[in-house]
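Both of the next two complexes hold chain A, though its partner changes from chain B to chain C.
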Partner chain A sequence: MPDLGRAALVTAFLLLVYASVAGTFAAWHSRRRLAQSAQNALIAAFGATAVAAAVLLAALARHDLSFTYVAQHTSRELPLGYTLTAFWGGQEGSLLLWLLVLGGYSVAAVLTARRVGREVLAWVVPVLGLVGTFFALLLVFVASPFATQPAPADGAGLNPSLQNPYMAVHPPMLYLGYVGLTVPFAFAMGALLARRTDERWIVATRRWTLAAWAFLGVGQLLGAHWAYVEIGWGGYYAWDPVENAALMPWLAATAYLHSVMIQEKRGMLKVWNVLLVTLAFCLSIFGTFLTRSGIIQSIHSFTQSSIGPWFLGFICFITAASLALIFLRLPLLRAKTRLESLVSREATFLYNNLLLVALALTILWGVVYPLLSEAVTGEASTVSKPYYNFFLHSFGLPLLLLMGIGPLIAWRRASLRALGRTFLWPTAAAVVAGIALLAAGAGSSRVGVIAYTFSVFVLASIVLEFARGTSARKALGGVGWGGAFASLIARNRRRYGGYVVHAAVVLFAIGVAGSSAYQTVREARLHPGDSMTVARNRLVFRGFESSTQPNHRAIRANLWRYRPGKNQYFAEDQVSNEVSIRHDLLTGADLFLIADQVNSDGSVDLKALQKPLVNLIWFAGFIFVGGSLIALWPDAREERRLAERYEGATMRA
Partner chain B sequence: MTLALAVGAVLAIAAVAVVAAPFLREPVAADDRLLPPDAAQQLQLARAEERDRTLDALKELEFDHRTGKVSDEDYRAQVGMLRQRAAAALRDADG
Partner chain C sequence: MARRGSPARLIVALSVAAVLAVFLLYTSIAGGGTPSLQPSQLQGHTGRVSLVGLVAGQATGDAHAGGLHFMLRDRHAMTSVPVVYKGSVPDLFKTGREVVVDGKLRNGTFVAVPNTLVTKCPSKYAPKK
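Up next, the complex of A and B:
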């Protein structure tokens, strides 16, 4: 079986090399059949990668310890579910997942890109092929998941922190996001290489970009929840480099999703948009590099490896080549229109873009500074939480406010009178909320009060947008309130789906502000019979309980309804923190208990955190998915319009 | 091992067949060029995009006016110019 896996990977590699080389030749010399052949090679490479993935999955399911990868990441006692998720628990499997997802995206995007024009598609194929070639090369020559060894009696097991149900969905979601950003990048580069800087590449990648962005967002949220329930330190985001690695491309993609609307509506920001697409893609590769190279110390970095230089070389090549191409095509990317006013919808999008990119770049600096510092001075240094929090507050709070301001301002320009009318109610709601919060004693955190006040402003502006839009639609006649509301959303899914996503971001911000700025923490050493009180909850320690599971021994502190403790994993020879959480769905707060230390004298060092509104963060995830689905949902009216627009130019191509 | 080799061989043959399909289907092509849009078609495409952009802008203005985001004065100042631009864009796209 490992031979089949290796053969499938070599086949995929050769096919991708062919797609890159033959595809480039075909696009350069305008050869139709060769371009089709290169496209077929891309499709066949996906098939070959799927065979390789099936071989690895089968080896995992059969506990075939003659596969080095299986022996290193599973054990015979590991439950089947976690055994299968070990597919992406290690470096080689993760790289295979990258290639598999890239293949799936490539096939789907290329086969559905009806309107992009064959001359652009002919260049898209080699760009996708080139990215695929890089990952296939790593899998064939550097980090093969099909290396074999004499089968040991048992495997090394899976890192205990990965033995969590979230690991079944969190990494695949992240990868769907990371890898999905390759599609808009490939189409943007394809359009530039073909010298076609019209909007066809944007239309062809609209949904792919949105889907990748949504997957990346959901993946991060799932990762945050995994960290919250599994890692056992009481938080969900620690500005860890690997966490930042997923946040940076998401921020760049968020900026792009906004700025691309300016290009579509006003024909502006063409250079900025291709730069953002390139930045998002390069950051996604950089994120994979951070996670997989072992260059940084991170709880998420499960491996030390030799693939770092390969990734670094690839990132440098892609960045340099993309920037050179954009520079060469600058004359084609000039906008014909200009910004009419600094007080307009497009201007707020521009401000939002600057803040998002500034936030992404400051986070990037925080991630790379320790690496550069160590390379230059030889001494390890770290960038800690205050650095990130400072920039989060400096850029994040204005961004939050802009989410409320943008929808209230008209395109092109807005007069003071119109601004006064549209801003009145959201501003009034925010002022009342701010005063009420101060009166309720929330002033202990200035950032918290500002975040809440801005959040109320944004929510009020979103509600107002839906209300005014529905009212305007109803005024046209023929429908009731329900019909007008449905028609409003159906006629502009991207805008109103976007507003729902904004509402999700606001709920997220409220949850983050509440659980970080207003949390209560108590720590105590408790002997059996001792008690402690946190946020009006009295906790009585009754002693320890222990049990033995197939692959670990569990020890739990008995605190009546709560059972925080530790798991001792046999095969892995590691101990994990197992927290106990009580959710209060009415207030959105959690009581979070950590058994920091299990002492030999029968006592426990208990840490208790009361985290107000933390559940809003997870609830926001569902709203985020709902908003993304609204925005992604096919729009028959828009499809007809695009078909009419591109009929003439693409039928012949 | 034998089964794996057989599956691998089938995989390789299938891959070659898929890649060669365009040449097997059409061994001699009457016209093997990719045929990008000519200058006239590119101009038509640009005009169609401009037409849709202008019509969108007009619709946005109407909607923003109805929802109170654009005052009557701003609306009057912009609508005439946008209508003229839309009419010109429609003429260009149709012509």
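Up next, the complex of A and C:
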């Protein structure tokens, strides 16, 4: 069995090398049949990778401990579900998942992207092949998931914090996001190599980019919720390098999703778009590198990591190669039109882009700061929460405001008089909300008040856009309000899907501001019979309860409806905090209890957090998915329009 | 604005300048990062630092009353320093684990800032190699 897995990976590697080399040659010399054969090799490599993945999955399912990977990441008692998710619990399996997902995306994108034109597609295949070759190379020569050993009596087991249902969805979602960003990158490079710098590659990859971006966003929210309910420190995001690793490419991809609209509509920002898509791709590889190599924990662990130098080399190579290519093609990337006014839709898109990229780059600076400072001064320095919060406020709040301004401003050139009329209602709503908040005592956090005021402004402008569009459509006649609303969305899926996503981002911002700027924290040592009060909730401690489960002993503090406590796992010799959370569905607040320390005299050190509006964050996740789905949904009308637009161009070419 | 100049360039230039200004403002107010040191590097540092080390010996005391007392030592050397800490203790804290804690060295004892103790590593993706 391990031989089959190894053979499948070697086959995938050879096929990918062939797709890269033959594909390059075919594209260079315009050999159609050779290009077709390179494309077939890319598809076949996906098949070979799938065989390798099936072998690993089967080994996990059969608890075949002669596989080093299975022995290191599972044990015989581990439930089947977690045994299978151990596929991506370690380094080798994660790399295999990367290659598998890349293969799936490559096949799907190449087969559905006929409209991009044969010349571009011929170059896309070797670019995808090259990225695949890198991961296949790692899997064959550096970090093989099919290494074998004499089977031990039992495996080492899976890290207890990974034994959680979120383990089944959070990592695959993130990988679908990370890897998906390869598709727009490959098409951008393909378009540049083929000297076809019109917007067709953007149109062809639009849905792939959107899907990858949505997966990355959902994956992060799932991770945040996992941390919130499981890790038990009362938060959901800690600016940890591994968390930032996913946030950075998401921010770059968000900027890209906006800026490509300007290229489609006005033929501008071509250089910027290829730079952004390169940045997003490099950050996604960097993110994989961060989570996999352990470089940030210490510069010293870097040399111990077998895959670290490979990743670093690959990142340097793709960055240098794509920048060189962009530089060579600069004359072809000249804009067709110019920005006409600083007050226009294009200009707000540009502001939004600069803020998003600035935020992504300051986070990147924070992540690599320990390495840079150690390299320069010989002594590592770290930046922490205040650094990140400062830049989140400096760049995030203006971004929030722009989300309300951008959609209402006209393309090309907006007159100030028209602006006054457009923004009358949203501004009025925001001012009223701001005054009401100050009156209600929300002034304790200045950032919080600003965030809320901006949020009201954005929500009002989104509602206004929907109302205006619906009434315009109804005025065309023949439909009621409901019908007009539905057809408005159906006819402009990307636009109104985008607005729904904006609404989700606002709800998310309200939730984050509420649960961080206005949270109440109380700590006390309680003996049985003692009580404490947090945000008008009186908590009476009635002593401990304890029970013995098959693999752990559970100790719980009895506080009426709440049971925070600790689990002591026997086999792993590890304690885990079990928090007690109660949601208030009416206000969206959570009361979050942590039994921080269980004392031998029968007392408990209790930590209680009241987190207002925190549930809006998770609710926003569902709205986010809904908005993304609206924007992604296939649109026959749009397809026809695009077909008409590009059919002529293809015939002329 | 010059007649020939494109507003796009102006926006980019102004934004880059604004970002740089914000960045400089931050570094001048808050200073750089916090030095991240091992026990053997502590000597001579009087300001706040992040101490990284392995928990050596048994931890004693009460983190929620008088303070938890333990020793931290270098990853690859035997130099160690006594630490006194108050606040939440992570689940994974135990002898031999690598932890990070912020604080200042006072009279040979590292006095930790409350609630800054974190255990390194076995969070989401423990590097295996």
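What to note about this one:
Throughout what follows, the second predicted complex is superposed on the first by the 625 of 653 C-alpha atoms of A that agree within 3 Å, B and C clash if a C-alpha of one lies under 4 Å from a C-alpha of the other, contacts with A are read in each partner's own complex, and residues count from 1 in each chain.
Simple rule for what comes next: a residue touches a chain if its C-beta (ideal position, glycine included) is under 8 Å from a C-beta of that chain, and two chains touch if they have at least 3 such contacts.
Remember, it's a predicted structure, so these values are computed and weren't measured experimentally.
The superposed arrangement places chain B and chain C next to each other on chain A without a clash. After overlaying the two complexes on the shared chain, residue contacts for A:Arg76 are found with neither chain B nor chain C.
Rounded in steps of 10, the angle chain B-chain A-chain C defined by Cα centres in the superposition reads 140°.
By the touch criterion defined above, A:Gln36 lies against chain B but remains apart from chain C after alignment on the C-alpha atoms of chain A. By the touch criterion stated above, A:Arg292 is placed in contact with chain C alone, chain B being left untouched. Shared-chain residue A:Arg468: touches chain B; no touch with chain C.
Of all Cα pairs spanning chain B and chain C in the superposition, the closest are 20 Å apart.
Residues common to the contacts of chain A with chain B and with chain C across the two structures: none. If you check the complex, the residues on chain C that touch chain A are 6-8, 10-12, 15-16, 19, 22-23, 26, 30, 32-37, 41, 50, 52, 62-65, 75, 88-89, 91-92, 120-129. Of all residues in chain A, only 1, 3-4, 7-8, 11, 15, 18, 26-27, 30-37, 40-41, 43-44, 47-48, 51, 117-119, 122, 194, 196, 198-200, 264-267, 408-415, 417-418, 421-422, 465, 468-469, 471-472, 475, 641, 644-646, 648-650, 652-653 touch chain B in the complex they form. Residue ranges of chain A in contact with chain C, taken from their complex: 72, 90-91, 94, 143, 159, 161-162, 223, 231-233, 240, 242, 268, 291-294, 297-298, 300-301, 304-307, 338-342, 347, 350-351, 354-355, 358, 362, 369-370, 373, 379-384, 386-387, 390-391, 394-395, 523, 525, 566, 574-577, 594, 596-597, 599, 605, 607.
Taken in their complex, chain B has these residues touching chain A: 1, 4-5, 7-8, 11-12, 14-15, 18-23, 26, 29, 31-37, 41-42, 44-46, 48-50, 52-53, 56-57, 60-61, 63-64, 66-71, 73-74, 78.
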